[in-house]
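Two complexes come next, and they have one chain in common, chain A, joined by chain B in the first and chain C in the second.
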Partner chain A sequence: MVIEADQLFFAYPGTKKRILHGLSFSIGPGEIFGFLGPSGAGKSTTQKILIGALKSYEGRVQVLGEEIRNSRSDYYERIGVAFEFPNFYAKLTALENLKLFRSLYAGETEDPMRLLERVGLGDAAHAKVSELSKGMKMRLNFCRALLHRPPVLFLDEPTSGLDPVNARIMKELMLERRAEGTTIVITTHNMQAAEELCDRVAFIVDGRIKLIDSPRELRLRQGKKRVRVEYMDGEQRHTEEFAIDGLHRNERFLALLARFEVETIHSLEASLEQIFIDVTGRTLA
Partner chain B sequence: MLKYRILLLNDARHIWKDPMLMAALLGPIAVIAFARFVFVPLSGWLEGQFAFSLLPYTDFAAVFLLLTIPLLPGTMAGLLMLDERDEHLIGYYAATPLTRGGYLAYRLFMPSLLSALLSAAFILLSDLAVIGPGAMHAFLLLAIEAPCFSLFLAAYAGNKVEGLALSKLSGLLFAGPAVAAFVPEPWQYAGAWIPSYWPAKVYFLGANDEPVLSSALPVAGLLFHLFLLWLLIRAFLKRID
Partner chain C sequence: MRLLAAFLNDVRFQWRHRFYFVYLLVCSLYLLLLHAIPAAYKETVTVLLTFSDPSALGLIFAGGIVLLEKDQGIHVSLFVTPLRLREYLLGKSASLALLSTMAAWAIHGLSLGMPAAPALFTVGVALTSTLCTLLSIGIVVRTQSVNGFLLLTQLYALPLALPLLRLFEIGHPAWYAILPTNGSLLLIGSVYRSVTIMETVYSIAILWAGNVIVYFWAKRSIERHLLSGTERGKSDRC
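Showing the complex of A and B:
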């Protein structure tokens, strides 16, 4: 396993109230793992522990075989971090910012210009960061996390505030990294992004993990094994549902396909958002 | 060391592009030039015009000018830290091999080094300062005051504009040498909470040929400055958390 947490408890120094209550999870190599939960659920605190920013935790947390509370500065040679807000030196260009952060690493690093080209920012390399759009800054933020070729990436709300085109670009970039074997940990409250990207998700509410599973499994298991058909009968639109089992023998279904103009057919698996509400009793707002 | 060299180059670029930061760097050089080339002629002119000589106050003037030196690199580093704090860049540095501690060490070392170099230049080149153990100890305390001032701005200013306003409060620090020079003992110890009191006090001890090294004052001044530095580091870390 790349990341393993066992009975992780945490309270901020100077407070008695625990934020995390015995989290246990493990994340394998080349996996995209999502922490989903509403604001204040504990997902950002979990991420801060994983990136070594909070070390006064109880329990066991290992990343790449190293207990986080004992980690030193060389730990950051092996992890890449992109926070939710893509902050840079606004007066420097995109390329200058990347060169500055690249200089902080002792190991092998990527050519910043090549990275920029890979994320479609080659033409903006010499533009000041203050002139870039939010989508461009998010891609630049992603580049910064990749500079030192880390085997593990931590991304906080990687598609937050992005238009659909830029969100799609970000998702493709993450999937590319996964294909190259990088383990990616995402914290988000964007269910759609999690559904599309994550191999497994953990639902966190009130500092506890309520469930861990793959979005696909969850949607199939918690949904109905049925299809809904919308069709037109003359000027009238009708809807009917059928069990998926034995659908190829279902006479009514087959007749409907033959006799009417079918507009849509949808399987009725549950949405991740609905599952979250069912499992946790909470919304993600 | 490469990472510190690149950070230094980045700072140099920032300072070059920002006239205010540039002024903070060049200010101490202007202070040294004033002390060396203007003070004595000015004193002569005042004596001729108003029968008032500055020369009896040379030690006070030397300390007064010397105290401005750490304020300027301290302000410069404080404003850079404020920018980085507001842009949440410190969190990004913390997630690199530089780490938060390395960032803080670099940011505090630079004003300290600049203050030490420029204070030493003042002591050696101004022709006003009395070179001796008093000046040497004052030089050490001023090297600690510069990062204290950076931290004060970065911990307590809400933004860069507030940082500039707070930097004006540095004028209060000139009360330190005034108390040390003009308030009789033991009453002047009431001003010991002013950081600049201590370098002024030890400088005057040395300038008046009183024992510096055998006195408890340099040690007390050093402890006070280290305590202040510790308090301000804590305040800054609390602010960025």
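Showing the complex of A and C:
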């Protein structure tokens, strides 16, 4: 396993109230793992522990075989972190920023220009960061996390505030990295992004993991094994549902396809958001 | 290597924010002032300016740099790289000390000529600059605004300015012996009076000790105020 946590408890120094209550999870190589939960659930605290920012935890947390509380600054040679807000030196260009951050790593690093081109920022390489849009900064933020070729990436709300085009670009970039074997840990409350990206998700509420599973398995298991068909009968729109089992022999379904103009057919698996509400009794708002 | 990178990055940051340009203007004003001053007072005023120059540069510029970095939200990203707090602090101190030393040499060279003891003069200016830079960083991480920073700076820097009273023969020299800037004045004063070996050793030692104390204080300030919400730096960021 790349990341392993066992009975992780945490309270901020100077407070008695625990934020995390015995979290246990493991994340394998080349996996995209999502922590989902509402604000204040403990997902950011969990991520802060994993990136070595909070070390006074109880329990066991290992990343790449190293206990986090014992990690030193060279730990950051092996992990990449991209926070929700893409902060850079505003007066420096995109390329200058990447070169600056690259100079802080001792190991082998990527060519910043190549990275920029890969995320579609080649033309903006010499533009000051203050002139870039949010979507461009998010992509630049992603580049910064990749500079030192880390085997593990931690991304906080990677699609937050992005328009659909930029969100799509970011998702494709993450899937590319997964294909290259990078383990990616995402913290988000964006269910759609989690559904599309994550191999597995953990629902965190009140500092406890309520469930860990793959979004696909969850949707299938918690949903109805039925399809809903919308069709037009003359000027009238109708909706009918059919069991998926034996659908190819269902005479009514086959007749409907033959006789009417079908507008949509949808399987009725549950959405991740609905499952989250069912499991935790909470919304993600 | 990373310390060198931090140093060069700071120089680039200062250059891009036109700090060097601003300082060129300040130096020009100092030179104009020195040319207008009667010859009898020139040496005292030069020492005064050469002392206050790295102090002001360290105090104001270092604070300004950290405030700009805070405003741009840089620290959170900077401290998830292998950069250590030690390298962050020394990079800033060294880059501003370089600027201070260049400015001091320019002011002195163009008004009085070559200093009598160039090495002591340079060491005095550089260590005074690093002292004030570290002090400024320790102060600025405790504040959120420029006004707050300027106010706190007056408070913290006042004791460091006390040895200046010596120039006006106020108080017994022994009163100022424990203040590191007393060493600054002795070393910078070497431009027009000879300094004994004992004075040199004392000056460098007191300035060095001052730097070490303020360095640890600034480091602690960053851990408690800049990296609050995290615990980084306690074990591995020194």
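In this section, the second predicted complex is superposed on the first by the 285 of 285 C-alpha atoms of A that agree within 3 Å, B and C clash if a C-alpha of one lies under 4 Å from a C-alpha of the other, contacts with A are read in each partner's own complex, and residues count from 1 in each chain.
Here is the rule we use: a residue touches a chain if its C-beta (ideal position, glycine included) is under 8 Å from a C-beta of that chain, and two chains touch if they have at least 3 such contacts.
Just so you know, these numbers come straight off a predicted model, no measurement behind them.
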Clash or fit (per the criteria above) of chain B with chain C on chain A: clash
When the two structures are overlaid on chain A, which partner does A:8 contact: first (chain B), second (chain C), both, or neither? neither
A:55 contacts which: chain B (first), chain C (second), both, neither? second
Using the touch criterion from the header, give the chain among chain B and chain C with more contacted residues in chain A. C
With both complexes overlaid on chain A, does A:71 touch chain B (first), chain C (second), both or neither? second
On the A-aligned overlay, A:229 touches which partner chain: chain B = first, chain C = second, or both, or neither? neither
Figure out whether A:63 sits in contact with chain B (first) or chain C (second), or with both, or with neither. neither
Name the contact category of A:140: first (chain B only), second (chain C only), both, or neither. neither
Output the chain A positions appearing in both contact lists, the one against chain B and the one against chain C. 51-53, 73-74, 76-77, 79, 81, 83, 85, 87-92, 100-101, 103-106, 144
Touch list for chain A against partner chain C, complex: 13, 48, 51-56, 71-74, 76-77, 79, 81, 83, 85, 87-92, 96, 100-101, 103-106, 144
Chain C to chain A touching residues, read off their complex: 1-2, 5-6, 8-9, 12-13, 16-17, 72-74, 76-78, 80-84, 229-232, 234-237
Flag every residue of chain B that touches chain A in the complex, lowest number first. 2-3, 5-7, 10, 13-14, 17, 87-89, 91-99, 102
What residues of chain A sit close enough to touch chain B in their complex? 51-53, 73-74, 76-77, 79, 81, 83, 85, 87-92, 99-101, 103-106, 144
